[in-house]
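Have a look at the structure below before the remarks.
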Amino acid sequence: MFFASDNASGVAPELLDALGTAAAGHAMPYGNDDLTRAVEDRIRELFEAPDARVYLVGTGTAANALALGCLSPPWGRIYCHDAAHIEQDECSAPEFYTGGAKLSLIGGLDAKIGAAGLSAALVEAQPGVVHSAQPAALSISQATELGAAYTPDEIAALSRLAREAGLPVHMDGTRFSNAVARLGASPAEMSWRAGVDVLCLGATKCGAMAAEAVILFDPSRAWEFELRRKRGGHLFSKMRFVAAQMLAWLDDGLWLRLAGHANAMADRLAAGIAASGAAVLNPVDANMIFARITLGQHRRLQAAGARYYLWPKAQLPEGGDEAPVEIRLVTSFATTPNDVDRFLEVLAG
Amino acid sequence: MFFASDNASGVAPELLDALGTAAAGHAMPYGNDDLTRAVEDRIRELFEAPDARVYLVGTGTAANALALGCLSPPWGRIYCHDAAHIEQDECSAPEFYTGGAKLSLIGGLDAKIGAAGLSAALVEAQPGVVHSAQPAALSISQATELGAAYTPDEIAALSRLAREAGLPVHMDGTRFSNAVARLGASPAEMSWRAGVDVLCLGATKCGAMAAEAVILFDPSRAWEFELRRKRGGHLFSKMRFVAAQMLAWLDDGLWLRLAGHANAMADRLAAGIAASGAAVLNPVDANMIFARITLGQHRRLQAAGARYYLWPKAQLPEGGDEAPVEIRLVTSFATTPNDVDRFLEVLAG
Amino acid sequence: MFFASDNASGVAPELLDALGTAAAGHAMPYGNDDLTRAVEDRIRELFEAPDARVYLVGTGTAANALALGCLSPPWGRIYCHDAAHIEQDECSAPEFYTGGAKLSLIGGLDAKIGAAGLSAALVEAQPGVVHSAQPAALSISQATELGAAYTPDEIAALSRLAREAGLPVHMDGTRFSNAVARLGASPAEMSWRAGVDVLCLGATKCGAMAAEAVILFDPSRAWEFELRRKRGGHLFSKMRFVAAQMLAWLDDGLWLRLAGHANAMADRLAAGIAASGAAVLNPVDANMIFARITLGQHRRLQAAGARYYLWPKAQLPEGGDEAPVEIRLVTSFATTPNDVDRFLEVLAG
Amino acid sequence: MFFASDNASGVAPELLDALGTAAAGHAMPYGNDDLTRAVEDRIRELFEAPDARVYLVGTGTAANALALGCLSPPWGRIYCHDAAHIEQDECSAPEFYTGGAKLSLIGGLDAKIGAAGLSAALVEAQPGVVHSAQPAALSISQATELGAAYTPDEIAALSRLAREAGLPVHMDGTRFSNAVARLGASPAEMSWRAGVDVLCLGATKCGAMAAEAVILFDPSRAWEFELRRKRGGHLFSKMRFVAAQMLAWLDDGLWLRLAGHANAMADRLAAGIAASGAAVLNPVDANMIFARITLGQHRRLQAAGARYYLWPKAQLPEGGDEAPVEIRLVTSFATTPNDVDRFLEVLAG
């Protein structure tokens, strides 16, 4: 009953096998190897983006921060949701990699940026006024930190606003696979066709050990990205092992099967929770469920060994058994129906 | 015949097995797992340093730059050899992580910092003069970029000078294992007992996939290091896979066996080169040989598929067959006697 | 009728004279001169703070950003009002000088930080959690950007909250003189006795050419400040000319007479506006008035040559003569009763 | 007998008068005033550079560091002489403003960069190799820190090398006026016609209080410069007072008269020193003399109140009266023939 985070899961067997295969023999370091080149080609093909440039790194924070470093000058302003991972959970890595840009926070339901909020923020911005940080980029998370997925139309609407203000669009795709698996749109429709300039495509939370791809649909910033990656210490010498993971993950649709499984487990969990009478608080577009249960249920689940977070984390779970408590549950490629059913049993009491 | 670099080798089987074992099941992310804790304990024990703090990262550049970020303020001056990896090969990562410190370059044979050169530089320094970058740290490489190893006494002599000037000492130990295997001194004698404050212990070049440990012998900077690592995007969510590599590498002396093998292959190669009449240019204290051969030999080796670098890289290999050319050869845990002997055969012509 | 900003005024004659006197002869550069030492002593005495360290710079942005650089690490979080000058008007200078800290914005009437808002923000903060930027400092403006002044008790209440969370307190005192002249509290009561650790005391807006003093009540960060000032290019070689201004400004209470005059002109203006039936929107604690007038009045004033800003700046002054428009008026040491009365006449129509 | 530095002099009367005139009345802040616009026009005319953009700041360090920030990315390499002010005396301000670029040091007589040294450094550079900091800019000082002036041909030769490597050229012109006054070449010949892209034109050491102009001959980086200046805290609100100084300084050739006077005083001093039998060590192309005198002479001069620096500063003036000691003497617009003659008298004993 491990629902604390999808990054607490292990490695999918197909990826592990690929690492083993790659481990033998020599290969030129720093990405000058066949596997890395193959990943680049595979992603270009998958995204129908023949000019895209693809770079591998080991963490989502590195992917996001390096990408934003290419999009915003030090005096830039990056618009993002106030729940965004880049704002909440990366210890100011974007500020570090941009050289001190500002994150300008925008509200919106389910951690989706609202078009109205973005419009209002852009109206208030003062491009060309030297006293003010300059509008530089829009960053959106797919799926969001509250488990919702933007539709291609929603992405396009935000991108259009950004484009009109001259801003490139970054997508934190740590759970891009879950969103694609859910919505059934093509990778291209969910990214560059909807106006995304840079996608950070995460495999780590969905079956990899440590593998994230930064996809620059506009190749003009490619060399700068390479320098930033090296300078940030993110250019692996034995890059082929990151590439091997990513290749195996994308091979024959595995990535969508793994993500689809996580989503299905989330659906099963959400349905059971709702059936139990507890409230599911957000759309379950990906592999996360936010629910309001009772303190009695929480205590029971804890006692039974279930692992998950209170969300928001600052809650104090005090009071009688009927007091409400809000929790976050995350499923993964490794979640089993058994895990889910056992959780629901304990919840039911 | 792959002698281009030790980072072009693969992964030792013991480490690969450890990854497979770690891949099953769930574990809390970001280093809050049993394997990570076990590595920390193992290293404290191995280095006889019960108060040391140990942090894992994925690249040597990250290890060095994060460590130096903890040792030098933005206005600091870090003394290092002009051939040091941190100066030559990290695309100003130390400058990035320190917020703009200066690397002050010192000469010395075999890429070892000479005590006289360090003394002179420290005399010229102007601590307390606001116009001048302030002396902040000493950084030495073990083994050096020219394949030499400092003895514990040599390290202690440099550390003493640093200490008198109030400077902490950083050791880039990307090939620390090779130096220890060669000199037979204990890890403690080669590090904190000789005055080293922070050791970046590299496993990647010696059998790991991507695993480096930063060992803070002085724990007072531990929390700062953790923040810097996260902010740099170097805190792996599935940290246990880095830990699994490092644990297996240190287990039962494997690290010294792997390094000792690389050293032995280097000795065999060096002896053969010398026997052939070509000059071996530097001490072979680790797993690197710098040699002067003829252009004819070079052409023959290239034609036979041998991989290595001209060193210095800027050489133009032009001229007659008797023209000299200088090359660098690097062995690794994966080099075989066959590789070596075949190389020597082709060299002999 | 120049009410656009107090920084559009000239230089008070006493300060100009002092510059003339200082211009003759030689003096050691970089603050190693008698006038600079005299300013330091004068400010220590005036603030009853014998251990304070005093540093002169030429702009308010430099003063604030250098001070915050000493208070917050790069991964820090600085709490300030969302209308604060450091957030709105310094083009991310605090982010530059801190190496990428975050400004966390708090609301509150009249651009004063509310204690409730600060408490809530501190509760949400996650000190010790490596994923989150770390609480580092509180910054308040005296007077605020909406012309209100904190009482010593209000400052103390905020400082207490900050202190409990381990945060030092920075005061942007670009209009500190106006607040002191208004409230009649002593400089010490308005600063360190109320818990302020660093005060940026501005003279430029109140009669100087370019002179700001950073007062470190806690001298432990003095040397770091000196290095940061030099490294930022803010250590004037002919420092005595900044010192001459500041000395003359503080001499014999001139600073409070100049500020008191600006305040009195603001009162006269506010009283006249209110008498005219237009609304004065914020307390007039310093030398700024925010008022709602009609578009007809605005057009008349513009035609008569009055200079002031619409506030908020994004307003579009369109519509009929009775449409409302909100404006900001700033008085200064150089504002004359004539200026004020002429403005009121035109306003009255 | 004040020969410690030209920045220990006061303010030329013409500039002081200009400040007085500017002090009355109101003017829009931040450079949106007539005086600032007039300076820009004046400098464009003087340099025959109608497209140049001109920005005023208050210190030479700010001018240099802001300019270099526009020329080099964070991962750049700036070639300069190892005696350059930007390397020796600015506490790593260039590293701060560039975000961590490297200064690559080149030797050369009289603190002039030698073309051979620059060529060699450029050959060693590895543009396009991601492991290495990337060649980004050349910086030269006119006059140099050892009092020599580059001829236009010498500048052009270095610029040509830089241009071939794709590098823009920065000139630290803190004593540009002295060099122009000496060589008689036009400002254009000494700057953009010889390949200089950005000139930092210093007035402070030659009669101003605090006034430096950054001249961007290539206007494409103008907006970036403006943002960097503001973000660095170097955009003065009452900019007209910097402009007033610069205008008066350039008016009717005053700048060259002031510089010419300083040079003449240096000549008189150098001639006297040489006549006394002491050695003048470097060419006296500007207002600095480096001389070797005896310790006896030094003691006598000190006793008589002469102010100057030992150079290099690290010398220990110990020994008998005949022991040699090397000193630096700097004249200024304010040096009188009397000062010089008195110095020579004491020297003669």
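Letters are used for the chains, namely A, B, C and D, taken in the order the chains are written, and counting of residues starts over at 1 for each.
Here, a residue touches a chain if its C-beta (ideal position, glycine included) is under 8 Å from a C-beta of that chain, and two chains touch if they have at least 3 such contacts.
Chain labels with UniProt names: A, B, C, D = L-threonine aldolase.
Please read these numbers as outputs of a predicted model, since none were measured by experiment.
Enquirer: If I average the CA coordinates per chain, which chain comes out farthest from subunit A (L-threonine aldolase)?
Expert: D
Enquirer: Between C-D and B-D, which chain pair shares more contacting C-beta pairs?
Expert: Spelling it out, more C-beta pairs touch across C-D than across the other pair.
Enquirer: If you average the Cα atoms of subunit B (L-threonine aldolase) and of subunit D (L-threonine aldolase) to get two centres, how far apart are those centres in Å?
Expert: Taking the mean C-alpha position of each chain, the two centres sit 42 Å apart.
Enquirer: Return the distance between the CA-based centres of subunit B (L-threonine aldolase) and subunit C (L-threonine aldolase), expressed in whole Å.
Expert: 51
Enquirer: Between subunit C (L-threonine aldolase) and subunit D (L-threonine aldolase), what is the gap in Å from one C-alpha centre to the other?
Expert: About 34 Å, centre to centre.
Enquirer: Subunit A (L-threonine aldolase): which residues touch two or more other chains?
Expert: In subunit A (L-threonine aldolase), 74-75, 90-92, 96, 99, 130-131, 227, 230-231, 235 touch at least two other chains.
Enquirer: Using the touch rule from the top, collect the residues of subunit B (L-threonine aldolase) that touch subunit D (L-threonine aldolase) in their complex.
Expert: Residues 74-75, 88-92, 95-96, 98-103, 123-124, 126, 130-133, 313-314.
Enquirer: Which part of subunit C (L-threonine aldolase) faces subunit B (L-threonine aldolase) closely enough to touch in the complex?
Expert: Contact set of subunit C (L-threonine aldolase) toward subunit B (L-threonine aldolase): 30, 73-75, 99, 130-131, 134, 224, 226-228, 230-231, 235.
Enquirer: Sort out for me which residues of subunit C (L-threonine aldolase) touch subunit D (L-threonine aldolase) in the complex.
Expert: By the definition above, subunit C (L-threonine aldolase) touches subunit D (L-threonine aldolase) via 2, 4-5, 7-11, 13, 16, 19-20, 22-29, 57-63, 65-66, 90-93, 96-97, 204-205, 209-210, 227, 230-238, 241, 307, 334.
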